[in-house]
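Two complexes follow with chain A in common, the first pairing it with chain B and the second with chain C.
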Partner chain A sequence: MKINQKKQNEIELFELDGELDFHTSPELRDKFQEVFQKQLRKVVVNLKKVSYIDSSGLATFVEALQKIKRYNGKLVLTDLVPAVRSVFEIAKLDKVFSLANTEVEALQLVAQ
Partner chain B sequence: MEKMFELIAKSENLPPFRVTLRELLKQSDVNEKKSGEILLAVQEVLTNVVRHAYQGQAGKIKVVFQDSHDQISVTIQDFGRPFDLTQVPDPELPKKDPGGLGIFLIKKLMDQVEYTSPQGEGNLLRLVKFKKNAPQVS
Partner chain C sequence: MSLNPENIVEIKGLVKRFDDRAVLDGIDLEIPAGKTTVIMGGSGCGKSTLLRHIIGLLKPTEGEIWIDGENVAGMKEKDMNRVRRKFGMLFQGSALFNSMTVGDNVALPLREHTDLPNEIIRIIVKVKLELVGLTGFESFMPYQISGGMKKRVALARAIALDPKMVFYDEPGAGLDPITASMIDQLIHDLSRKLKITSVVVTHEMKSAFRIADKVVILHKGKVLEVGTAHEIQNSKNPYVQQFIKGEPEGAIPFYQTSDAYLKGLLET
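The block that comes next holds the complex of A and B.
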């Protein structure tokens, strides 16, 4: 799993590349720790290059959303490929997360 | 067609096995959506074995992949702590806390999930996915 992190205006943008599973999700959880510690309020995660996610990956995002919401921050996920979106839908997490179709849309959503 | 595999229960062994399974599914005539569902369900079972059956110990896992005319079946056997995941009730969705979705996904994604604990030792799970959808009853 490659994790690219950059700042765009006041928004923290993560670009993930690879498969998010039980083995790789601890790496993402570690990256998110910095977000929580600094209480970064606007976070976008681009999943365009994530072809696979399992329940550990979902749990990582659920935990991140909970922690970011605690300090009134926003987390938006964008560019989910159909296979990944389908796992979110099966778990009904598409009702919980802000899911954008494009990065532009995600940046607008998180900035609101 | 039948293929047998033996794995050591470590998280780093899961991604390479996923590559192997993906290749086998590509060779079968099951569609891409169902392949993805089988792949995810099997990985969730293997993750459970690593985390719960062996609790971090590097135990042995046997996997048998069978591709027959109407179904794909994958049998996963471990020799760790017995636990019948088919008895776990489905969670209320969407879950508010992280975790606890793996067993739900296994049951949701597969057409059949059968559990036995041979001689009360370890776990044997058989996952089945039918290649064609069951006809709708009108």
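The block that comes next holds the complex of A and C.
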């Protein structure tokens, strides 16, 4: 799993590449710790290059959403491939998360 | 042998004898990946024995059992445990640990097989319990919930590690029609949305035809017929018709013939 992190205006943008599973999700969780510590309020994660996500990946996003919401921040996930979106849907988390179709839309959502 | 990539399980010439009696008598079977295969048959047809072979609890007398590219027929226990991580199992009696809470039962495979932190495991447990309609039951003990709920907890545990394949042994047994139908819906959702392969052993016709992409009918340790639910329902095979209609009289005799009975009585 490759994790590219960059700042765009005031938005923290993560681009993930690879499979998000039991082996790789702890690495993403580590990256998110920095977001929580600095209380970064606008976070976008682009999942365009994530072909597979398991429950640990899902749980990593749930934990991130819980912690970011605690200080009134926003987390938006974007560009989910159908297989990944299905995992969110079956866990009924597609209504819990802000899911955008494009990065432009995600950046708008998080900036609101 | 190379496995057809469309199949997650291939069984070739499987024979199991207990003493001289062949319980499985030359089974050839393919289980397609990401689909729901229902194995049906009357009591004693060998369906549970077949399931026990696939999950490695029994070793065949003859034949090959290929799972995800590996022949598990002669596999050592250590290697079999690695293969078993790819699949979840829903036992007929649920098999929950009575001394553990519902949440701890679901968390067990995650604690045993991963290094995930507790915070993440707790979230996964909540998601799995929501999937089976048991949100908020984490702290309940198994004795405090109904049989149907126990079955759902067992299903949450079976899918805790996101297996490629889930085996269900009589999933609707002992459940009320609504709960049984809900379990069927879950099996259906897991297969369709997550591409999990489901292998269901049952003799409940309604449930089988509701969920099956492929139906396999076993009779006397052999594969009698394979097809879609529609094909099986319209089968011309008198054994199949008698079985699916549940008729006491027909091609499958309930009692032996008078001659066979007499012969048996006179045998010393």
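Criterion: the second predicted complex is superposed on the first by the 112 of 112 C-alpha atoms of A that agree within 3 Å, B and C clash if a C-alpha of one lies under 4 Å from a C-alpha of the other, contacts with A are read in each partner's own complex, and residues count from 1 in each chain.
As a working rule, a residue touches a chain if its C-beta (ideal position, glycine included) is under 8 Å from a C-beta of that chain, and two chains touch if they have at least 3 such contacts.
Everything numeric in this text was worked out from a predicted model, so none of it was measured.
Visitor: So, does A:19 touch the first partner chain B, the second partner chain C, both, or neither?
Guide: So A:19 only meets chain B here.
Visitor: Report for A:63: first if it touches chain B alone, second if chain C alone, otherwise both or neither.
Guide: both
Visitor: Check the residue A:90 against both partner chains and state whether it touches chain B (first), chain C (second), both, or neither.
Guide: both
Visitor: Between chain B and chain C, whom does A:111 touch in the aligned arrangement: first, second, both, or neither?
Guide: It touches nothing on chain B or chain C.
Visitor: Under the contact rule defined above, give the chain A residues that sit at the interface with chain B and also at the interface with chain C.
Guide: 21-22, 54-56, 58-60, 62-63, 83, 86-87, 90-93
Visitor: So in the complex, which bits of chain A are touching chain B?
Guide: Spelled out, the residues of chain A in touch with chain B are 19, 21-24, 52, 54-56, 58-60, 62-63, 66, 83, 86-87, 90-93, 95-96.
Visitor: Under the touch definition given earlier, write down the residues of chain A that touch chain C in their complex.
Guide: Going through chain A, the ones touching chain C are 21-22, 25-26, 29, 54-56, 58-60, 62-63, 83, 86-87, 89-93.
Visitor: Quick one: in the complex, what on chain B touches chain A?
Guide: Of all residues in chain B, those touching chain A are 11-12, 14-15, 18, 33, 36, 39-40, 43-44, 47, 50-51, 93-99, 101-102, 104-105, 108-109.
Visitor: Using the touch definition from the top, list the residues of chain C that touch chain A in their complex.
Guide: 114-117, 119-121, 123-124, 127-128, 130-131, 160-162, 189-190, 193-195
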